[in-house]
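Take a look at the structures below.
Below are two complexes that have chain A in common, paired first with chain B and then with chain C.
Now for the complex of A and B:
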């Protein structure tokens, strides 16, 4: 299939009629549509999707209501007619598909989808097809199931990372889309229909068995199991509905939160800073309190240093007095000894008499020593006064209060500086988020968390029910086999029917597994080939696919790369898209919105070289930050067949103009 | 030489001390350690002794609101000053202590007014 022309009328930002012709050349097969953010690139993609399938999707693949599809300015002027015409060729036939909506006549201002009427027309080689054939014809050319992979929103590339996470909701959703595109549901539906047939066959078999006395017990067991199965299936259906409902609620919240991510980050930062401020203020209060406690006795610390010198002097004085006292005592002893010698002049050692001439020398010594003794007179009261003073001053003890107060004072200064910084930052953040209802954002976050918990609980319940259903079916199979083998039922039509349905159901189940394995192998091969051309790291061995179609990079030693950059994620996702496209269909266009957002120049260059090979027609919706018209285009200038630019007319109106 | 039983501050300095205490203590109703007049009085006297301050006589009449036995319950200020050589001959020691307190609190008040804080580094280092 090849797109030829798109005619947009009043679709989203595109007011009035605007025409875009797609390149038809075999090698010049790339069309570039440049547009800044919020100018209408994704709307362009949606215009094609809506033209083909009557569906335009926003984030999380949610359908955009019709009232939001009509250009706001045109609607304000009373023009509620919006249409998309797609001209394309397929198998040498020309197709012209026109889809339009307009408000119903009796509605003054449409509010819901039902306030509009839709009409679709399709001409094939000029021949008008009847309405009932249009959907079938479009799906023959370009099935809706694969639209996700040829009408591709690059901003959603990151979603493919979820395929690597076991049991992730988003991953499950994408896996479902992938399998739809690859045709797995055809077999799944077949198996499910066989299950229904098997159920009916078992009922009939049980009815027949009831008539046979020997088999009555089995029939009753089968009946009970059937009742149980019906109840389990009802619970499963209810839970699935609940799961979808809760997931939708989460998607709505995620959309809201996505727009306020920066505010949320600021709010979290604000809360953190408020906590820090409180802690710092408490630290300051505690430091001030300790400082006051220390100030009560700080005078002792100051005085201790001053009196230490005085104490030293006083102790020296006391030592002087003590020395004098001791000297006086020594002198008095000496005088007493000499006086004793005068009274008894015999040598105490040799017992000989002391000569008279020596006695006069002793008398002189006594006089001299007595005089010295009188000079060493000490006032005992001075001594006790000194002792009192020393005792008193010794009571002053320092606990190092001063040093601690200075230390605390420095800490306080640091805390105060810190506090000012925090308060300044708080003021700045508060100013930044002043216009947002941050409490509502936080409430939504909490609600999302609660919904996630609920969703995980529903998931567990569903697993449990699935196990119970599997057990129940095994038991029914077993009983059905027992009945079939019994003499009474052998050859009966109902038993033969059960056997056939069981075998077919098993065949389909195995077929599904085989198909999945084969498809996964094919996707892995195509994606690995694409990855080899896209990546700048040539030592990688390729990609490995998991049960969910998630792709892991395999390094040169065959190990899975655990961590990968945002750029690597994008390259892997592009390789997956290519692998899926090649596995799902043989040819057709690819329309890609913002596919190069997170790539470095080398990867961008590789991707730009590779993209023209991905499909017969490649339409790239890009902004100039992704592709520099001067620098990047040289790599594949020869592949560009058409170039357009989205021009801003006003905040609500854009125009597509042909480029050079 | 007779020592006074009571000492204090002039009315002006008493008001300044009250103001200082109000600034340094937690607000009314808040919890925490509270400083009292004695704490600051003793601190400035000990700083005066440490810095060998020559304190002039009071320029106003003292309010004599503090009992000597409470300000210097162990007689340590007396003992320290008696042996410091700071007190002029003929001046009762507690009168000199009063002068040191008067001068110290005036300076403390002025510094606090000028800078919003007490110069702890100056007081407690060196």
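Now for the complex of A and C:
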């Protein structure tokens, strides 16, 4: 299939008619559409999707309501007609598909999808197809189930990481899409229909068996099992419906939460800052308490230095008095000894008489020493007064209160500055999120968690029911075989029908698993080949696929690389897309929106060289940050067949113009 | 044999299991499903039933002949 032309009319930002011709050349097969963010690249992708399938999708592949598809300015002018025409070729036939919506006549201002009427027309080689055949015809050429892998949003490439997470809800969804793309549905539908036919065949066989006395018991067992199976299948259907409903609710919440991610972050920041504010306020209170305690004894610290000098002086005085007392006592002793010598003039050491001429000298000494003693008169009361003063003043001790108070004051100032900063930030954040109901956001997060738990419970119940159904069918198969082999029923048409249906059903069932294994191997090989060309790390051994089609990078020693960068994720996802496209379909275009967003220049260069080889036609919707027209185009200039630019007319209107 | 060709996979399982179902019927069933695997309105059940009934009738005729 090859796209030839796209005619857009009043679709999203594209007001009026815009035409884009796709490259038809075999090697110049790349079309570039440059556009800044919010100008309409994703809308361009959606215009193709809507043209083919009547569906435009946002995040989580959620459908965009019709009222949002019509250009807002055109609608304001009363023009509610929106249409997409796609011209393409397939198997040497020319197709022209036109899809349009317009508001119903009696509706003045559409609000919901039902306020519009949709019409679709398809010409194949000029011949008009009837409406009932259009959907199937389009799906034959370009199945919607595969569209995820050729009409894709590069910004959602990270969703493929979910394939590596066991039991991830999103991973399950993508896996389902992958298997649809790989042709597994042929076997899945076959198995399901054969199950239905087998059920009917068993009923007919049981009816025949009822007529045979020997087989009546088997017929009754079969009837009971059938009743049980019908009940189990009903439960299974109900649970699946519940699962879808809950999953949709989660998707809606995820969308809502995604839109308020910035608010949620701010709310978390707000909570953090409120906590910090509380801690800072408590610190301030503690500092004030400590300061109050220190002020009680701070006067001691203030007086301590002056008192120290006085104390020193007083202690010196006391020392002086003590010295004088001691000297006086010594003098008095000396006088006493000399007086004793006068009374008994015998030397106390040698017991000889002291000569009379020496006695006058002793008398003189006594007089002199007595005079000195009288001069050394000390007032004892002075001494006790001094001791009292010293004792009192010694109580004035410094604990460094002054320095600690200064230190505390500095800390308090810092805390106060910090508090002002926090309060300012809090005011700013509160102002930013004032218009949002943050409590509602938090409630939605809680609701999402509860829904996830519920979904997991439904999953367990579904597993249990599936096991019961499998057991039931095994039992029915067994009884049907017993009936078929019995003499009464052998060769009967109803038994032969059961045998054929049983065998076919088993073949299709087992075929699904074997086909899955084979397809996984093929996707792994193709993706590894693509990865080898895309990655800048040439020592990697390739990619390894898991049960969910998730791809792991294998290093040079055959080990799985645990942590991957955002760029590596994007390269692996591109390799997977390529592997799937090569496995699933032999031809067709690829339209990629923002595929190079997270890549460094070297990877970007590798990807740009590789992209033209990914499909017969490659349409790249890029901004100039991804592909620099001056620098990057040299990587594949010879492959560019068409170039367009999205020009801004206003905030709500864009125009596609052909480039050089 | 292409390991990822669904029909080849089905025929191989049949051979391995020694099932009696006719190759032609198996092929027809697969081709029918393959052609309509992406159809929105599923109309293949009746066609599958018809294929099986035809095979049964053909079997009856072969027995008579």
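Keep in mind that, in the parts below, the second predicted complex is superposed on the first by the 477 of 660 C-alpha atoms of A that agree within 3 Å, B and C clash if a C-alpha of one lies under 4 Å from a C-alpha of the other, contacts with A are read in each partner's own complex, and residues count from 1 in each chain.
Note that a contact is a pair of C-beta atoms (placed from the backbone, for glycine too) under 8 Å apart; a residue touches a chain by one contact, two chains touch by 3 or more.
For clarity, every value in this text was computed on a predicted model and none was experimentally measured.
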- [ ] Applying the touch criterion given at the start, work out whether A:511 contacts chain B, chain C, both or neither, answering first, second, both or neither.
- [x] second
- [ ] For A:48, decide between first (touching chain B), second (touching chain C), both and neither.
- [x] neither
Task: Which superposed partner A:189 touches (first chain B, second chain C, both, neither) - done: second
Open item on the list: Between chain B and chain C, whom does A:642 touch in the aligned arrangement: first, second, both, or neither?
Closed with: neither
Open item on the list: After the superposition on A, what does A:405 contact: first (chain B), second (chain C), both or neither?
Closed with: first
- [ ] Identify which of chain B and chain C touches the larger number of residues of chain A.
- [x] C
TODO: Scan A:197 for contacts with chain B and chain C and give back first, second, both or neither.
DONE: second
Open item on the list: Under the stated touch criterion, which partner chain does A:70 make contact with: chain B (first), chain C (second), both, or neither?
Closed with: neither
- [ ] Scan A:583 for contacts with chain B and chain C and give back first, second, both or neither.
- [x] second
TODO: Please identify the positions on chain A that touch both chain B and chain C, taking each partner from its own complex.
DONE: none
TODO: Give every residue of chain C touching chain A within the complex, in rising order.
DONE: 3-4, 6, 9-10, 12-14, 17, 19-21, 25-26, 29-30, 33-42, 44-45, 48-49, 52, 55-56, 59-60
Task: Of chain B, residues touching chain A in the complex - done: 24-26, 32-35, 39-40, 42-43, 45-47, 49-50, 74-77, 79-80, 82-84, 117, 120-121, 123-125
Task: In the complex, chain A residues that touch chain C - done: 135-136, 139-140, 143-145, 180, 183, 185-187, 189-190, 193-194, 196-197, 493, 496-497, 499-501, 503-504, 506-508, 510-511, 514-515, 518-519, 521-522, 583
Task: Contact footprint of chain B on chain A as seen in their complex - done: 285, 288-289, 292-293, 295-296, 298-303, 305-307, 310, 313-314, 389, 392-393, 395-396, 401-403, 405-406, 409
